């Protein structure tokens, strides 16, 4: 009967579509593995102790390292965190305490807006706010751009983690005659600490991986510098500069630096997902 | 006797309908100094976030004024980008941003939806978390690493294998004309698709999983095949997937490093995928430090302003759609 | 307006707390209408009534927690002769403690830290005295023997019944005069429930207790006085024995005999 053949066709079609969906998952994951594979194979050979401890060598010479880039990224993240963490956590506390007011809704919306702004645009803002008045590129400007980037991430994580804490702890604490601010600071915040901490790590990982906002704020520096009012090297700009160069050795070093970056970022991401999955379980 | 249902205790920190956060400022709560300081400190920092966004918009606007006053609307319609003669038209970059993002979207969307369907409807339970994790890890790879991969692995492949193939077999379509550089629109579109795929996939998966199982059961009870049931779930997820797509698009237009490393950085408008191009983000990355005149810098900042507005509009639209979708589900289920 | 079948100075009973024309609102919705109740000293008062009748709201008015939720109060509530609406709520709650339906020891604190939380967070530092307080109140809460070997374990490691007794110890440590209990046993198994009811009978010698319960047998077991609330109004108030054997109002009778719930 015609209906049986039609049914068989519907079923076959179903199998085909399912296979296609499975295939798309594979297709998407192939580049992931490819990226890991190539980063490993092209970068591993250049990873050695001197890579982490030496300064870049002059153009054309082989060898050298990215010590200044590593410390530079560290300093930039420190500056960024000193802006992003306090603002983010305190704003997050406010948003968690006032969930429905108009002001909160506006701030929450703007936080999401800030989150969606491309990092290069944030670099432009940092340029306007810091580089122009200071009349020079500086680590400070780079740090400010990273800080602005971190604010929405930290705010969102702080708010979400605080919201997860059951209201009954707050009630119990207030019921004991503990004031509101002590309740938030000494009962609720410690309970949310683990989640917030890993969220902060995630935002640091994100900031560490940024290149665009640093290009015209911190600029870059082939020499060792830890001064806040001077341009400073960074891991990401190091990769960018060395990838553009015509020297094979430099290209290899770019891969090596990328390997370091990717391992760091992946580790933090995996930790974050494990910690937050446990909460939902 | 009576089954115990906990009396609805409202959220202890929610504000009553009447009280605005402003009143908390005017009368110091429970006569407690500590509460007053803490409350207003957190309020101050929340306000700081608000003022930061406003400050950003204001500063970018004022610094682009020289360019706005000089070029007006022709900034958007002119394709002459000539720093030497102080002539700045941003059309090539706007075109490049939209074209590359569109390509990225067209590649990423079917794949993302396929992945979302796989994770939500087809995947065995034990496989779901690892695969989701892997997809989300794709999102965590820094842009510069994608760029590196693009330069040294993808563009040679495009130049030596893909583009010649496409040019030979489909060269009659204007999309596939011109010499195969490897670098260019196609490279940019491909790398963008990789970067936005995780966003669209994970949000679409969440949207689909949120659809109640009873819908699928009803479909099966009527004799539907797996795919037919999926189609029903998909039709219910349409707006959520649209929102996810807008978010992905928002990410794509702002993507800088990976794009600038593979797109060729030439401010020209061409409809061939093989040709190099430029985007708003990549011109900022390349030329900002080289801007010699105030007009040059101002034009670049105006491009940043355009990008700022574009991403805000896309993100706001996406949030609005996602918000109205979740409201609908809360109301109906 | 008195809704009670007997006068407010109940049989020369000393009254620790009372409310007069207490009205409570959530925004525009009125949750309690003109409640006038006396809470006798060193006795247990049960508040009973069907779900949504306002029992928990009433309890939360007594320690001004209702306002923390964004509610408003009109009327007078007296602790002794003091209108508590004129007192600082934070300090008030050191005199009126609360136990909640679901046991909620602070998750990041050990057993002993939980007990002393109310004191430490208000500045009490003397470590030696704190240790004594831990032991003293765990004994009062009938939990000491079960945890004395391991006071440093996290509070949430204990079983449900033990956690509730820990919460009681925590409340006792602050030295209140009145203890409010919001369905303290409804999340517990029968054995833990029995232990806590025993504890309540013991505690009332030193404290004044108000307990909200949906379990009428429990009200009958532990309390001397009972108030029946329905739809935010006080329907009847009196000695527990009378309420259950010869209730004055038809509604009360219908409720206690299970005609509605």
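The first chain written gets the first letter, and so on, giving A, B and C; residue counts start at 1 in each chain.
Here is the rule we go by: a contact is a pair of C-beta atoms (placed from the backbone, for glycine too) under 8 Å apart; a residue touches a chain by one contact, two chains touch by 3 or more.
Worth saying up front: this structure is predicted, and the values here are computed from it rather than measured.
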Taking each chain's centre as the average of its Cα atoms, which chain lies closest to the overall Cα centroid?
-> A
Outermost chain relative to chain C, judged by CA means, is B
Interface with most residue-pair contacts lies between A-B
Cα centroid separation, chain A vs chain B, in Å, comes to 16
Please compute the C-alpha centroid of chain A, do the same for chain C, then give the distance between them in whole Å.
-> 48
Whole-Å gap between the CA centroids of chain B and chain C | 53
In chain B, the residues touching two or more other chains are 9, 11-15, 30, 32
For chain A, residues that touch 2 or more chains besides their own | 171, 174, 179, 182
Touching two or more other chains, which residues of chain C qualify?
-> 65, 68, 90
Contacting residues of chain B [partner chain A, same complex] = 9, 11-15, 20-22, 29-30, 32, 34-35, 37-39, 41-50, 52-53, 55-56, 59-60, 63, 110-115, 117-119, 122, 129, 131, 133-138, 140-149, 151-153, 194, 197, 201, 225-228, 230, 247, 250-251, 253-257, 261, 281, 284-285, 288-289, 300-301, 304, 307-308, 311-312, 314-316, 319
Okay, in this complex, where on chain A does chain C touch?
-> 166, 168-169, 171-179, 182, 186-187, 190-191, 193
Flag every residue of chain C that touches chain A in the complex, lowest number first.
-> 63, 65, 68, 90-95, 97-98, 100, 102, 104, 106-108, 117-118, 121-122, 167, 170-171, 174
Chain A contacts chain B in the complex at 10-11, 13-14, 17-18, 20-25, 27-29, 31-32, 34-35, 38-39, 42, 86-87, 90-91, 93-104, 106-107, 109-125, 127-129, 148, 151-152, 155, 167, 170-171, 174, 179-182, 184-185, 205, 209-212, 215-216, 219, 236, 239-240, 243, 251, 254-255, 258, 261-262, 265-266, 269-270, 273, 277
